[in-house]
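Going in written order, the chains are labelled A, B, C and D, and every chain counts its residues from 1.
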Amino acid sequence: MFNKILIANRGEIAVRVIRACREMGIGTVAVYSEVDRAALHVRLADEAYLIGPAPSPQSYLRIDRIIETAKLAGARAIHPGYGFLSENAEFAMRCEEEGLVFIGPSSHAIRAVGGKTAGRSLASAAGVPVVPGTTRDLTDQEVVQAVREIGLPVVIKASAGGGGKGMRIVSTEAMLPGAIRATRSEASAAFGNPAIYVERYLGAARHIEIQVMADTRGNVVYLGERECSLQRRHQKVIEESPSDFVDLELRCRMGEAAVRLAKAVGYTNAGTMEFLVDPSRNFYFLEMNTRLQVEHPITEMVTGLDLVKEQIRVAAGEALSVRQDEIQLRGHAIECRIYAEDPFNNFMPSPGRIRALRTPGGPGLRIESAIYEGCEVPIHYDPLISKLVAWGRDREEAMERIRRALSEYVVLGVTTNIPFHRQVLNLPQFVAGEINTETLESWLAKGLTSDNGAFADIALIAGALYLHTRKRATTSPMGQGGQGDSAWKLAGRQDGLRRR
Amino acid sequence: MIYSAGLHGRLHRLMVKGRGSPVPVQINGKSYEVDFTAADGSLLSLLVMGRSYEADVVEEADGVLTVWVEGETYRIEYQEEGRRPRRGVGLTGHGAGGRQVITAPMPGKVVAVLVSPAQEVTAGQGVIVIEAMKMENELKASRPGVIKEIKVQEGSAVGGGDVLMVIE
Amino acid sequence: MFNKILIANRGEIAVRVIRACREMGIGTVAVYSEVDRAALHVRLADEAYLIGPAPSPQSYLRIDRIIETAKLAGARAIHPGYGFLSENAEFAMRCEEEGLVFIGPSSHAIRAVGGKTAGRSLASAAGVPVVPGTTRDLTDQEVVQAVREIGLPVVIKASAGGGGKGMRIVSTEAMLPGAIRATRSEASAAFGNPAIYVERYLGAARHIEIQVMADTRGNVVYLGERECSLQRRHQKVIEESPSDFVDLELRCRMGEAAVRLAKAVGYTNAGTMEFLVDPSRNFYFLEMNTRLQVEHPITEMVTGLDLVKEQIRVAAGEALSVRQDEIQLRGHAIECRIYAEDPFNNFMPSPGRIRALRTPGGPGLRIESAIYEGCEVPIHYDPLISKLVAWGRDREEAMERIRRALSEYVVLGVTTNIPFHRQVLNLPQFVAGEINTETLESWLAKGLTSDNGAFADIALIAGALYLHTRKRATTSPMGQGGQGDSAWKLAGRQDGLRRR
Amino acid sequence: MIYSAGLHGRLHRLMVKGRGSPVPVQINGKSYEVDFTAADGSLLSLLVMGRSYEADVVEEADGVLTVWVEGETYRIEYQEEGRRPRRGVGLTGHGAGGRQVITAPMPGKVVAVLVSPAQEVTAGQGVIVIEAMKMENELKASRPGVIKEIKVQEGSAVGGGDVLMVIE
């Protein structure tokens, strides 16, 4: 087993990997950009090294710096997390060349199935149905031509994309130039690769994915499915496992297709096959993500496995710790992605300093977070600040639990999508389990309102008492401003004294 | 102590009597007995007729508070009675004039300016694209108008609240 | 189902019950003493009412006030938590008389088995082996006489006791008067009942308990066992489920004995039969706790059931949600009880204000806590401030996880036993699973040392930088004292500015 | 800046040079380069030769700090060089005199006084019982001696740190 692992990532996923390593007794090496000096992954790691300025091309995407740091620190392996370099075949290859273990598939496998166009060809060859579209990267002109052949609506997709970034649905030809530009630009920024391709847009289907794990000894298992249909701008918002649309028969068919594809390319480590499933339960391969997914915790909660530990063991040459017939799904898990964004202002990103943080506790919850009171949420990276995951004996209990947890979750200083999640969790279609990839967008198209007003009197009272108490506490004229926190504390202490 | 408080474009009158807890509070003539205590930092625990509430209060500017209650956000402007009123207490953001000022909702980079000076725009038309946190965000005109002024160009770095464009 | 439940308790268990109610859509009514005005259970409940001054006989033990408050608030049922009035038959009876539902067994059942002496007689009658000792409450003189008959060593126990309080092991006759006095005094303070009895002390056995749940329709199930041998002063410190000493055959035998006893008294709701198990796997009934246990979360984690919800459903007349053959144990769970006490100063209680709190996160954890940054831990109640629970696929993973979680858990302002837990988790006997009720005490008898010193240089540097930075930040002479927090924050901000 | 720091009964000499981060620090002649930043409240993140540490610092009294590092607690008394030393820097609690002062380790109530004035006690003998947080706690003599003075009686309420008894 490795004595030390470098985590080439930041945020909640870096913290997640550090925790797995710590449980396995493996040393951890963090890397960080200048704005992340006080980030949680730096605080929790055993070692931490600066690798460059805030913009990710100058830090978290710097293959040379990261490999150099691994060698300097004596780390034998690198975990790439998700995003950044996690699906970068060149990075995996450079690790291989430098004698470092890349905790993920081989560079060969990434090239073979990770490039989305390549993955589509391979899936077809392995007898897995795919969504109609192009099977190679295209120039702008070729995109226009391809769209004419395939017919509108289409999706323009980044070949190196993932995590919902670098995608645009195009329903009129006029939208095409802007969509091409925006997709290429996002793809460059997020994945360092502007290549794009075109797929027919299937409309109201379900987005369901299969988690696979493969070791280097030829064992491949699938770990059930994840229902990821609730998306906004192709970004998953809420995921659940299992999907109540998937029965045992469909689960086996999809799982076996996924395993077939993994075996066809000699795939190792964790991977996810994304599918669209139409109302008649036909499924179409979309793409394979050759890394850990953001939403892996829901699979962990229903299977009881720790996927990051499994990744590390497999990368170290060990066999998978489970056989297919030992994998049992228990209960139901739901994940809400907490973003620093303003749901009532077109989901604008909201970077800033966390002024107050109250995290839910109690049974059946899991919180994957990289924020803490006082920390900065920088503008330079993904706005995902936390994942709230709830497990229940059944879907109903999981829903009740995550609703309860959301009601306890307070993040102040940056605006978050917590109020949005609270509304989505009461959406009748979601409660009934009748969802597809258009559910959220069509609901949002009606306009999201904040429901504000129910507690107006309480808010008015609280504000007045704040001013009233501060006045008493400081005996300075109202409106000296900015000393809010201390005013409360002072008043609280005075109150305490008075009561004794 | 008597306060005027502007919320959602309406003015409310509050009276807080005495110094202890519980304290009698009147809102627009309606009386409450409020038991309150500071829990920590910005957090206040309130008991109003037995109901328990948590409220977080942060002062954004002189007399302007953001108050969070049960997951909802309220921005309230307070004015102590007998003091000179500030301009437009409680009515910010609710005017209906013809002039639209497009401001940056967060710090970021201008990726694309989609219009030119003097160009006519329709309601909902995208006018500028800002990139922040790895996502592109298109800002739209909220009403029809004519582009009066463009203060930034592609590639400009902008701060949150910076004026980007004026539409009349 | 009830529309509203009053929780006649405080601390983490009140919060636990509130969360269950919230998930079930049931309104919650908290009660609080004067020092608990800002306690978490008051903050989280829908309603909260003051019931008296800090000392529990004037508040949390006031049956009249609590019943009055339930009626005032319109709560139809009362959950007593554990401790306080939870095993008080009179309270259960008063609820019954007033038309309120006591969420627990009937007052009749509490009287029949809850009184420890009565429980012992009944267990014998039901064919469950018991520890030799007296079967009724005794006067001081009778105790002395009984001890002479039974032979030393013995345990003096509070008849109304529980939670490890109100017990003294006596190995010499000289210790007897002090032990009697102390036990009666603790029993009065904690349970409002000074009655005591005597049991033979069995020595190095395991303390293993069986959780049962019974509905009002005659269904009784057992939910596996909990291993609770790690005790200090008869107070459980770390519990786990399952016990790796208990095989399927012993689990069935103990479970069936527990169910037999429950059925013999027409028991309903949650209950726990405590047993001593000797090295030859003979088990002896100790007592029955007629309420939810502190350590119920480990059972919940391995069975997937929510015991508090089950309690509420059963109290509302519903049938149990599981049959015995549906109950499956999955993985392994461990709980560390976090106390506000100083392990390096004879475990002295350490009340005070929580100055900083950093709670662990990530996979497989559950935190049941009632503390928050800024809150007061009052002197008047039990020093249990939090329970840290970890689940793993097997015992080894659960151990690794709770060790990792303890390393992330920071509570400042009060002294806690977290460093003690960290040492216990590395104790070779515990790692090997070879534990009994004397393991901790005999290890502690060698003297607990704090291992302090490994980070002395870092501590010296941190302190010097604190002073150095504050000096810079305030330019006031060193040693103005007391403004530590703001000095850091100020320095941090200046630092941030300087770097931009 | 140069500091004397008393810890575990030993004096250490620290030198901190300059103002930024990373900052050179010497302890007893050993040099470190320390990258540090305030995370929040009492929390400091330190990087020392690549190793990451978290330290919480709280000032208990003038120059007396409690520092927590990786679950361990250090009480350190600092003295800035060139300033008048305080009495007994760093050596509190480590004297070996014959006088024992029994103080209340926490606020509570005296349940029992187990000795009388002039009584001889042995090392480890219980002298007084305090109840707090529903548990009785017996305080013991750490060395043999004679009870000199008893300042409380059964039923007394005591505060944390109050002197209960003196043994000589």
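Here is the rule we use: contacts are C-beta pairs under 8 Å (C-beta built on N, C-alpha and C of every residue); 3 or more make two chains touch, one makes a residue touch a chain.
Everything numeric here is computed off the predicted structure, so don't read it as measured data.
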{"item": "Shared interface partners, meaning chains that touch subunit C and subunit D", "value": "A"}
{"item": "Mean-CA-position distance for subunit D and subunit A (Å)", "value": "46"}
{"item": "Rounded Å distance between subunit A and subunit C, as computed from the means of their C-alpha atoms", "value": "37"}
{"item": "Residues of subunit D touching at least two other chains", "value": "37-41, 43, 54"}
{"item": "Of all residues in subunit C, the ones touching two or more other chains", "value": "44, 358, 372-374, 407, 489, 492"}
{"item": "Chain-level touch network, classified as line, ring, star, complete or other", "value": "other"}
{"item": "Interchain pairs in contact, sorted by label", "value": "A-B, A-C, A-D, B-C, C-D"}
{"item": "Residues of subunit C defined as touching subunit B within the complex", "value": "30, 37-38, 42-49, 73, 372-375"}
{"item": "Complex contact set, residues of subunit A against subunit C", "value": "15-16, 19-20, 22-25, 34, 44, 297, 300, 304-306, 330-331, 358-359, 361-369, 372-374, 393, 397, 400-401, 403-404, 407-408, 489, 499"}
{"item": "Complex contact set, residues of subunit D against subunit C", "value": "1, 3, 5, 7-8, 12, 14, 16, 19-21, 23, 25, 27, 30, 32, 34, 36-44, 46, 48, 53-59, 61-63, 65, 67-74, 76, 78, 80, 83, 105-108, 111-112, 129, 131-137, 140"}
{"item": "Sites on subunit A touched by subunit B in the complex", "value": "165, 181-182, 185-186, 189-190, 340-342, 345-346, 348-351, 355-356, 358, 379-383, 406-407, 410, 412, 415, 418-419, 422, 450-469, 471-472, 478-485, 488-489, 491-492, 495, 498"}
{"item": "Contact footprint of subunit A on subunit D as seen in their complex", "value": "35, 37-41, 43, 45, 47, 50-52, 54"}
